[in-house]
Structures are given as C-alpha cells and as structure tokens.
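The first chain written gets the first letter, and so on, giving A, B, C and D; residue counts start at 1 in each chain.
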Amino acid sequence: MSALDDDAYRAFRRDLHRHPEPAWREFYTTARIAEELRERDLTELYVGPDALATEDRMNVPDDEELAEWERRARDAGADPEIVDRLSGGYTGCVAVAERGPGPVVGLRVDIDALPVRESADDDHVPAAEGFRSEREGYMHACGHDAHATMGLGTLDAVLDSDFSGTLKVFFQPGEEQVAGAKPMAESGHLDDVDYLYAVHVGLDHPSGEVVCGVDGFLAVRHFLAEFTGEPSHAGARPEQGRNAVQAMAAAVQNLYAIPRHADGPTRVNAGLVGGGTATNVIPEESYIEGELRGATTELADYMSEHADRVLESAAGMHDCEVEVATKGEAPSATSDDALAGIVGEVAGGVDGVTRIVDRDDLGGSEDATYLMQSVQQRGGLACYVGVGTDHPGGHHTSAFDVVESDIAVGIDVLSGAIRRVAETRP
Amino acid sequence: MSALDDDAYRAFRRDLHRHPEPAWREFYTTARIAEELRERDLTELYVGPDALATEDRMNVPDDEELAEWERRARDAGADPEIVDRLSGGYTGCVAVAERGPGPVVGLRVDIDALPVRESADDDHVPAAEGFRSEREGYMHACGHDAHATMGLGTLDAVLDSDFSGTLKVFFQPGEEQVAGAKPMAESGHLDDVDYLYAVHVGLDHPSGEVVCGVDGFLAVRHFLAEFTGEPSHAGARPEQGRNAVQAMAAAVQNLYAIPRHADGPTRVNAGLVGGGTATNVIPEESYIEGELRGATTELADYMSEHADRVLESAAGMHDCEVEVATKGEAPSATSDDALAGIVGEVAGGVDGVTRIVDRDDLGGSEDATYLMQSVQQRGGLACYVGVGTDHPGGHHTSAFDVVESDIAVGIDVLSGAIRRVAETRP
Amino acid sequence: MSALDDDAYRAFRRDLHRHPEPAWREFYTTARIAEELRERDLTELYVGPDALATEDRMNVPDDEELAEWERRARDAGADPEIVDRLSGGYTGCVAVAERGPGPVVGLRVDIDALPVRESADDDHVPAAEGFRSEREGYMHACGHDAHATMGLGTLDAVLDSDFSGTLKVFFQPGEEQVAGAKPMAESGHLDDVDYLYAVHVGLDHPSGEVVCGVDGFLAVRHFLAEFTGEPSHAGARPEQGRNAVQAMAAAVQNLYAIPRHADGPTRVNAGLVGGGTATNVIPEESYIEGELRGATTELADYMSEHADRVLESAAGMHDCEVEVATKGEAPSATSDDALAGIVGEVAGGVDGVTRIVDRDDLGGSEDATYLMQSVQQRGGLACYVGVGTDHPGGHHTSAFDVVESDIAVGIDVLSGAIRRVAETRP
Amino acid sequence: MSALDDDAYRAFRRDLHRHPEPAWREFYTTARIAEELRERDLTELYVGPDALATEDRMNVPDDEELAEWERRARDAGADPEIVDRLSGGYTGCVAVAERGPGPVVGLRVDIDALPVRESADDDHVPAAEGFRSEREGYMHACGHDAHATMGLGTLDAVLDSDFSGTLKVFFQPGEEQVAGAKPMAESGHLDDVDYLYAVHVGLDHPSGEVVCGVDGFLAVRHFLAEFTGEPSHAGARPEQGRNAVQAMAAAVQNLYAIPRHADGPTRVNAGLVGGGTATNVIPEESYIEGELRGATTELADYMSEHADRVLESAAGMHDCEVEVATKGEAPSATSDDALAGIVGEVAGGVDGVTRIVDRDDLGGSEDATYLMQSVQQRGGLACYVGVGTDHPGGHHTSAFDVVESDIAVGIDVLSGAIRRVAETRP
C-alpha cells in the first residue's frame, strides 16, 4: 500500500481520535503512524529514540504512568515491535524521502492529545458516529489527529508528484506541554532542512480559509516549583515548622507582580498550586505549576529570571527550600514572508479554499517555534500555516471537532507549497 | 455475658484496632461497641441518631464515601441491624445505667481513627502480633481503640460494684476533626450529668503515671474556605480571569499576620491548600482548609472574626467569591479541682500506678471540652484524666501504640473515681 | 510693544526660567505672560479663574502653600493686579485673537515647573549665564519655559501675518501633575476650536529635528489612597490596633499584581508611600500616592477599577478605612494625519530644520491629550508636535536645558502650520 | 548646699520639665543634674563619656541635630563647662558616694523625654502653672523628670542617714529608645554593684500605691531596615526599576506572619515605614522602623532571627539590597524576691503609702533590664519599683503629668530600701 484514498485518511484520523494520548505516552499513535510509514517508499524512518535528542525530553511522566499507557497501546493492537522501540516514553517519528536533487523541505505535525473529557452528546460527531475517545478523560481536543493525518497525506501527495529534493515529515510528540519540540529540534534531523512548514487546523478560522503565516507566538516556559519546609503541630509547636504554604503564597503574590516590560507583552500564571496535609500540621510541602511568557524570547527570559528569584526568595523568607524545574519551553518565532507568499499562491488554486488570510496572530504559545527558530537561525526559512475548519466547540473544549473534508484541503495546500518551494528555492 | 476478663478486653481492643474508622464512618466500631453493650444490664442504650443532635454534626463526608465505609463494616461482620441504624453517618452511642439514688456521673470516650498509614515494621506490636490496620491508610494512631475499651471496662467495673447513682458512658465519634462532640453535647443526654470524666492515654506520660487534670486545651475552629473566580486563557486573555489562586495566596499571607493578642496564645494554620487546573489557565477555584485556636474561647473567637474578614477581603481583592464553612470546633475548658483531687486519691491505690501528676497542659485541642463546658455551665463538675502508657511512636505517627496492660489501669482509676464521686458528691 | 525680537524672547524665557513654579502656583509665570499678552492686539484675554472650569482643578495645594508662592511672585515683581486675580491657585490664561473669517485654530503650551534642584555646575548654561532657578528645589527641567515663550512668539508671528481666522493660545498650568488640562478643556474656550496644536521640545530629538505627530500617549490616573486604622501599643495591646501599614502593604503587593491585559500595555506604580508614627505604636495611618496607566483610555480605566477594588479590599482586610482620591488624569490620544502632514510640509521650509520625523511614540503621559481628545470628539483635528533640541541632561534631570535658538524654530513651524491649516482647512 | 527641701525638689523637677530632651540630646538635663551633684559630698562624679561605654551607644542622631540641641542647652543657661564634656551626644552621669564598709547599692533613674507635643489646656497642670515644655514637640510625657528628681532626692536622703556602704546613682539617657542602658551597663561602673533598684512612677497605679517588683518586661529590639533598589520611569521603563517599595511591602506582610511561639508571647511591629519619591518613578528607596519583642530574651532572639531573614528575602525578591541596623535593645528581666520583699517592708512605714502591691506586669519594654540582668548575672540582686501617682493622661500622651508630692514618697521608699538592703545584705 502507499497513498490512501480519502476514506482511508478519514479512517486513519478516526482511529487516532479514538486513542488520544498525552505527552510521551503517544505509543499507539506513533505505532499507527509508523505502521503506515513503513508501507511508503521512504529513504529512512526514524522512530522513538532515533527521532529525538533523548536527554532534552521535558516533563516525562514516571515509569508507572508510562507503563500503563504502553500496556493500553498494546491492548489496542499497536504493533508490539514498534511499541518496544518506544518503551520508556520515547514517542514520535521522522520520515525521510530523498527524491533527487533539490532542497530539503520539512513539515512538522504534532500528534499528542489533551486531558479533556470528550463530549458524549448526540450533536458531537465523534460520539454520534462512534469514534469518541476510548481513553476516558483524554481527547484530541486540538485537532492533532487531523495534523498527523495531514502529515501522512502530504507525504503521499509529494511522493506521488514530480517533487525533486528531500522531504522530511516530523511527527512530533508533547506539543500541548511545549515539551516535545526541543528534543526533536535537537535530534540532528532538522539540521539540513532548508524550508520548514508547520500546520494547525481551526484557530477560529472557518472551513475554506487558509492563513498564510501565523505569528504572535508568545515564547513560553512551564515550570514546577516544589517547596520543602518542616512540619510541626500547629497548636503545640508552631515555631518548629518551616511553612511551605506561606512560602508558596508569598511566591504567588510576587510572581504576578513582576514588573511589566516596555518592550512588549509578558505573562505569568500560577496555574496549579497546592500544599499541606492537614489543618493542624504546619505544611511541609507545597508546589506551583506555572508558566511565564513573553512576546519575544528575550521577554520570556526576563520573566523567567525574575520568577526564579521570586521563587528562591519566597522559599528563603520562610526558611524553606525550593526546587524549580523547567517542564516545557518554546521560543517566539515569525513566519517568513517568502514561504507565506508561496502558501498564498498555492492556496488560491486549491479546491475548497474560499478566502486567503495574509497573516494572523496566535496570541498563545506553540512549540513548533523551536523548529522554526532552529531552521531560521541556520539561514533557512519557516512558515506556520493555518487551515480553517468549522469547529463547533473552542480549542481544548469537550465539543471540539474538525470537518474531515478540510484535511484534504490541508494536504493540497501543504503538498503544493512544498513542491513550489522546491522549484522556486526562494 | 457481662464483664469481660483482661484477655477479652485485649481482644476487643485489637478488633477495633484492625478496623480503624475516621469521623462519621465509625460503622464497625459503633456496631461492635453496641453489640457488647446490649449484653450488659443497661437502663437504656442510645445508638446513632438517638445519641446525637443530628443537625449539629460537622464535616460529614459525602454519601458515596459513607456508603463505602458502611459496606466495609458489613463485610467485616458488623451486626447489620445496628449498621442499619447508623446509616448515613450517624455513629456513636450512649449507654445509661441507673443504679439507685445518687448523682448522674458521665464518662466520655472517643472512638474514631486517623488517616495515617500504620507501620508494618516487626518492632511495631500490632504488625508483629497480627492486628495491624485492615483499612490501609487509616490507623488508631491516637489510642481511641484503648479509650473505647476503657469505656466498656469502666462500665463493667461500676456495674459490678456497689455504685449508687446513674452512670452514662458517651462513646463519641469524630474527635480528631473536633466534629463529634457538639452533636453529642447537644443531644440532651448530657443535660442531667452532674459529674463528667474524660480520658486519654499517653500524652507523653509513661506507663504508671496518672495525670489528675489535663488543662491547657486551646479552643479551636476548623474551617474550609472555598474561593471561586473565573477561568481564562493565561496567555491570550489574562484580564478576563478572576484569579482564585491569587485570592487564596493573599488570604494565606494575611491569615498568619492576624495580630497577636495580649490576653494569651492564639494560633492560625492554613494546613491544606490548593487551586487551579493547568499552567495555562487562570485559576477559577481554590481552597484553604485551616484552623484557628486560642487559649480561651474568646481568643479563638477573636481569631475567627479576623480570619473571616481576611478571607472575605482576599476574595474581594481579586474579584472572587468565597464560602467559609466551619468543619469542626471546640471551646477551651479547665478541669475542676474537686474531681481532679478524687482522681489523685483513687489513683494512689491502683495497682500499676507509680506516679501521680497533679496537672498538665495539653497545648492542643480536644473536643471533650464541649461536653466539659456544657456540664460546668449547668453547675456540674468535669475533669480530664490522663493515663500514661509507654508509646513507642508519638501520637498521630505510624508507630504509635499503647501498652495493653495500661488499659486495666485506666479502668481501675476511672471506675474508682466514678464510685468515689458518687459517694462524696463534691 | 507687540512682537519681540529674538533677544527679547530669550530674555523672557530666562525670566521664566529663574522663576519656576509647580502646579497651581504659577503666579509669577502667569502674570509675566499676561503682562506681555495685554500689550498685544487681542480680542480677549482670559486670566486665571476666567480661563478655567475651576471646579475641575485637581491636586490643588493647601492655602498656606498657595499663599507662600503668591507672596514670592509679588516679591519678584509680578503685577499685583494680575496676581490678585490668580489668588487661590487659579493660574494659566487663554489669549484670543479674531482675525477675520476662517476656522478657529488653537495652540496649547504648558507653563509649570518641577520639584527638581537645578544644577549649579559651570557647564550648565543657566548657572553659567546667571539665570539659574531662584526657587531652590524647583526647576524648569522639562522646557515649559521654552513652551510658554513659543506660545507668545507664535501668537506674535501669526498676528504679524495675513492669517484669516481665529487663533487661541492656551497657556496651561499643572501639566506635570496631569492636573491642569481638564479644567482648561472644560472651560468652554476650547469648544469652538477646529484645529489644535500642542508642542514639546526635546524628547530625545536633537536640534534640527521636527516630529510631525507625537503618539503613544499612555492614558493615566494619579491617585492618593489614605488608609485609616486605629493605633495601639504594639507591646501591650497589639490586638487593639487596626494596622494601616499592613493594609497599605497588602495593597502594594496586590496593585502590582493586577492582571496584564491582552489589549495592550498597562502600568501601575505605588510611587510614594508611608505610614505609622513610632516603632512601638501599631500604625494608625498610611498612604499610597500612585499611578495607573494604559495604552488606551479603556486600559487605564481597567487598571483603575481593579486598583480601587484592591485598595478597598486591602483596607477591609485589616479592618481599616481608605479614601481614594484622583489627583490627576489624562486620556490617550493620537495625532491626526492631516495636521501632521501640514507640519511636515511647513517644517521643510523652516530655517534650521534638518530632519523631519514622521511620527514618534512618547511612551509616557501628557495631559495635552485632554484637549486633543476634546477637539477630536467634536469632529476637529489635533496634532502634537515635537521640536528637537540638544538637551544636555535628560528630561526631569537637574542638567536639562534647551538650545535657545530652537525656540525660533518652534515658532516658525507652529505659526507656519497654523497659517497653512487656516488656508487649507483639511 | 546639699539636700534640697521639697520646694527645691519641685523647682528642680519643673526646670527639667520645661526642658525635655530626647535620647543623646539630654545636654541641659545632664548639666542641671551634674550642677546639683557637684554640690554634694560625693566620692566620684562621672559625667558624659566617663559614664558610658561610648562605643555601645545606639541610635545617636547626626551631628547637626546634636549641635542644635547642645546650642539650646547653652542658651537655656546650662553650665558651659559641663556641656563641653557632653558634646557629641555623650549624656548622662553616675554619682558615687562611698560611706564606709558595706555593699555597693545602685539606683538607676532615666532622664530622657519624648517627641510628644505637650497639652496647653488649662486643666493640664504644667500649662496652668507655667512650666509647660519649652521645647515645642517634646515633652516629659513619661515622668523621667520625676525620676531624675527622685535620684537626686534619694541620694540626699541616703547621704543624710547612717548608711554604711557605697551608693551609686545612675542617671541614664535614652531609655525611650532602649538605647542608653547598654552603654551605661557596659561602662564598668555597674561591675561592683551588689544590689540594684530601678524606679518608675505611674504605670496606671494611683497615688499611694507602691509596686514591690515590676515584672513582665518584654525583651525588645528596635531595628531600621533600609531597602535600596533602582529608580526608573514607571511609564516608559518599568522593567528597569528595582522596586524598593515592593520589597518593603513584602517584608511588612511577612514580618507580621512570623510564626507564633509556644514558649510565650512575641511581638512584631512595622511602626514607621516609607518609600519612593514620586508617582511616576519606580521607588528606589524605602525603609521600615520596627520592633521585635519576646517574653524572654530567647523569644526576642527568635523573632529577630526570623525578621532578619524576612527582610533579606524581601529585598532579594525584588532585586534590592537591604541594610538592617539595631537601633535599640533590651533583654527581659525579673525582680528578685529578696529586694522586692524589702521594698514592701519599707513602704509599709512610709507616709502617703496606702497600698502595697506585691508584683505587677509591665507588658512592655524598658531598658533598665540591661542593668538588672547585668547585676544578676554576676550574682547580685535587682528589683524594679513602681511608685503610684494619679496621672491624668496615659503614659506617652500630651496630658500625662505626675502628682509632685508622690516624688517624696518615691524618695522615702527608695532611700529606705537602700538603707535596709545595706543592713540586711539579703
């Protein structure tokens, strides 16, 4: 088998949709993708640890959690040999097709899912048509099932064309936690990429719209700060405690008060916090899972430096210790005009495209920027493409869904742009 | 059957020890006590809802949790008829024995356990001798199994004597959460009690010591504050959130800063806190489970008033709402000299007592004070008795245990004091 | 006398420079301007209360302070009759010259000084040439002496031309405290103005540059929050205090933590704070003098609403009261292209102009925006003009100064633009 | 001249009352005392630097301030030769009278005044009778004028008796700032004192009462924390500031939240705070003048260690520096029973004494404890004596005053106790 027909792409997407997997747990997803890829005429297929700079993985779950998801993947019928290679949370893969002289063109798609419970309502298509998530509490609520399918379809379309050059498709894990791009960017596979495209469906653009260059990515850092003090009986010996909840509270108050920066927007959030064990025990432990952002990498670094100092000082203030770990990060990036222009030209001739949007701002973060920045720093060009779709619920909500015929639009636009860029070498 | 021999008391205590149950979940414990009591020659036995002012119960778990513990009790062999009467979390019982003219004397023992995982070490007697907790994660880590046994044994000893008067034994649930005393004190059963004893083992006093009047109880209030704001995307729309974690942090900082009071010690602790859902979402919800104490009820009230204002203002500061609920409370109380004196006299003649301690300060809280205060306010007398025991681990630790022969010491001291007080009517 | 020659303008500017006066204390300055204006062929001259919506004055000093500065003005030789009319802190004036049919064109210049001690160094021209400030601790450190002179000179130039229409020159007090524009904007004199120019020297542009439209004004609100609690002896009766310093500190921490806004830059500063009386007294009083800004008026309002809630809640948290007063405010505003274009055209023909800058961002606040917005809201046009000058020290520093020959550049540009706008009526 | 009659003592007290002087500025007061002392038959008179361990002085004002008060003392007629010796803020004196074999008995009186504006009301005796403060804004509002007079009168009475032993009277400066005791205690003059009395009038005890041992002194430390950051324009460059007001606010919030201590009362107060320069400047500087207390010296040390850490961490949190200086300190101390008993015995026979109070708690701080502790640590005995007086206003208020006839009561009690202690050598 090589290229799939539309029905087969739909079936593939629905299979992935039924098996949503979060960061570093994409065992089933990676296996299914690799199973398809090995049917193609590829030069190389790098799977799992071979696709990653393994030491750069961030926010990897513990062994028990990984083993549980690995087991589920096997139970669901994933090829056991492939799963063996992914064991330990080494997910994702890179497909390489050398097709004669020409530039190296990359396409990055992400493959992970979210901890969102999927709607079971009748008006939610996956529920009505029987491909609702089988991993209760997890869901493809941001369309990465469609992205993976577009990656496969675009590869098929390019292989089926007169494309001359090398195509690399990066099936990236862990985007939702901004944890997977760095190990893929640092893997070496990106080093010779001259032109890179990344893609996202939806983004509040309806079916028929194509956004030729998404910008406004905020650089971001996710952190986990763990405070450790000393417990004591709150009634009998309050002075013997070293209060980790007071430390955490002081940190929260002062994190949000990091000075605004005149060079552009910054963000901070202590999104998930907790501490203590019982009302009558001075809390020994507490934590903050938070994030810091900036319109540029410099601004995110500014926030990060201040936050580290606040966390350290808040711990010291209450005689506690704190360990601060980075759980995910991504720089900012901007789409290059030349590649964006090509997308616009190509999209004009694609069936189903009714409106071409020049540029749009994301206003959030996305770790494709890691790969984009990496290519751009070596003198290459990069562009983030938006493919509209009528999504009934917002991104990351239980009612999110995509119009499946828009997957073909994405495949046509991306494969067209890849071919055009190889010809024109802008 | 009526009175048990020492082996039987030991077996009874070990049975309770194997089935530790926290507040309002003492289904097995209450059933086992009631099973024993109905063998005695009692005037009345009030069980479950009949032993409580039911509307005064605090911190009752949800139905699912109650049902689970009730099921466990049945599975462990508790009398189903008794468990039926306790259904819904109405635990505890009151035994009444009228034995001729004379005053009404009360004895209060508590019966609940703690969320502590019991040691499985060989040098931990319950583990070594096969009566370690069968409720993983819960443990009689404060000796209430011994207290319940003393309650039964003291009743037996008094019934077996020439005591003239009425004896009431209060088997009280929910002490560890200071949640069970109020509904028992308000049940009506305490209204005619002239003299009340309460008892505790250990308290850092070794085997052989008896403390004739424990004092220094801090009045206490447990509260749960739940903050509600509004979520929003922390990167794209930080201004649309109403941040419940910021509100919680502001509250924590200012709770600990409630002014010290010149009239005596006060305490405050935000012992268990949490909030938020994900790093990139402005937190919609947060909570503080905390406690407030004072050397007197007035001082605890002072702390409570300030805390309510701090919680309300912290919510308002970040445009959130807060609901504050009292989950437990107990006043301060002092042992009366007359009853303490009788304990000292009696203890002098009890086998195994090697040292009589006049008074000692607890420095913590205990809701027996609710019953003591209630009796004292009606003109009665009350006294809290400490029965020493060599406990290898501290109270509330996984290695806590009691020397079982000290249970007999407690029975002798308490039954002797009850008989003496009925004779002398101090 | 009517128009002055260059020497006379220089002398006039130096006279003002020697007598710097802050908001609502510009007695000498206003008198000197009015003395000159009454020599001109004006239709009307509105002085002091006649130039202002008096009830809209903000941040007026107390009577004692006003009387002291009024006395100094008289001692320095200001016309006593004019000073009489300014008595009570009613400073500033409006000159009106009707010169035939045509539009009403306004020019706004500000006249107040700063609480900065002027440099006495030899390389500071005012010190070297004998016109250093005679009001120790106050200084024209932002060039408003040059602005007032430009106002006079531009009037002279227009009167000396074939201008047809009405010219109004607004000599505005209290700009540095964003306190004087509102009462002048609300005075009625602005109501028929069709075109308005405002001007500033320097702004880090060197001599020879003209900025045709300054933008990026942050809307701003200055506030004074005064907290009142209750004192008590910190050792003997800490609980009887209501601590205004704790309230202030809680407010400061949470003011800076007002959420960032996705629509644009915001600012907050607790610039001047204080409280308490002695180490051993629980502080009864405290205050915050602060400011809130936003890139738009809406953003400044957003900050202001949050700040009011924080201040109120911080007071409530410590059982204190707070009074919050607005001491100054200004909206944001944008220069209109049509007027900016005219400035550019005119400036091209002015001697001494070497570079024309299309637009520039101020990045601060300036209450000329009040007048600009007022004109624009009625359908008129407004433009803020920058006139470069080599200023040795930064604005608001003790070494600030202007190149006096640049005053003539400003007069030529402004009078030219006023004449052109009356002709072309854009 | 030697001993004074009652009128002369009254005149002396009124002279001091008219010339109230705060810490290290007691030039007139010391001079007047020394002038009187040199008329007595003393063995030694140590004045100024000879009475102090000069390097241990705390919280000494700057030279300008000292020079101003020195000048006032000279203008008021103080002996210029004595003032010369005090120059630089070396105030206070020690009188030594050796009168045959026997123990060394010390009496400590304090001589400084307070920054309180004295009442000018007709019902305020000093105002009505013409000896109201001539140092506007300063007042003997705690009776140290009476103490100094009692010191002189007690010396006279002892010298006029058959006392055998050595009497030393310590006229101590700077008590109100707990700044003067340490340098006097460390001067060497106290090293051979066997018995020490200290005295205070009032303390809410009416005329006729004598308190034989005042206790409950809280150990105390006064500190000044000065934060230094970096200023920047709050609108244009908020990120370039390092905000000293945010640091101060974080410190205030967390100082009050230092954990309560189970061993006894503790206190903390940020009594006087300030910072910043203008609304639009990120504050570069701020300060906290505060105090820390504990029922024992250990508890005060506990507070002090925590406070130092809080101050340091709060500075670090906002990238500022902080300097923390101790401006005054005093330990806790307890009156010895033996000396207190003697006071009680003697007081029983003194005219005007109607009630003898065994013990009373001060509930505040007083640096006589430095001298008491110093004597006690060498094996001597010490006692703090209260002499009641009907004081119309509270201590440290503008209406405070003493009944002058109670000064004689104090002299009789103290001189009697000194003679008795020399006889009985308890």
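Descriptive notes on the structure:
The criterion applied here is as follows: a residue touches a chain if its C-beta (ideal position, glycine included) is under 8 Å from a C-beta of that chain, and two chains touch if they have at least 3 such contacts.
Being a predicted model, the structure only gives us computed values, none of them experimental.
The best fit of Cα atoms from chain C onto chain D calls for a rotation angle of 180°, in steps of 5. Each of A-D and B-D has its own count of C-beta contacts, and the greater count is at A-D.
Between the CA-based centres of chain B and chain D the separation comes to 50 Å, rounded to the whole angstrom. Work out the mean CA point of chain A and of chain D, and you get 69 Å between them.
Among the residues of chain A, those touching two or more other chains are numbered 236, 238, 243, 246, 250, 253-254, 256-257, 259-260, 262, 267, 282, 363. The residues of chain B lying in touch with chain D in their complex are 253-254, 256-257, 259-260, 262, 265-268, 363. Listing the residues of chain D that touch chain C in their complex gives 115, 218, 220, 222, 233-236, 238, 243, 245-246, 248-250, 252-253, 256, 267, 269-283, 286, 289-291, 293, 363-365. The touching residues of chain B, counted against chain C in their complex, run 236-239, 241, 243, 246, 250, 253-254, 257, 259-263, 282, 302, 306, 309-310, 312-314, 316-319.
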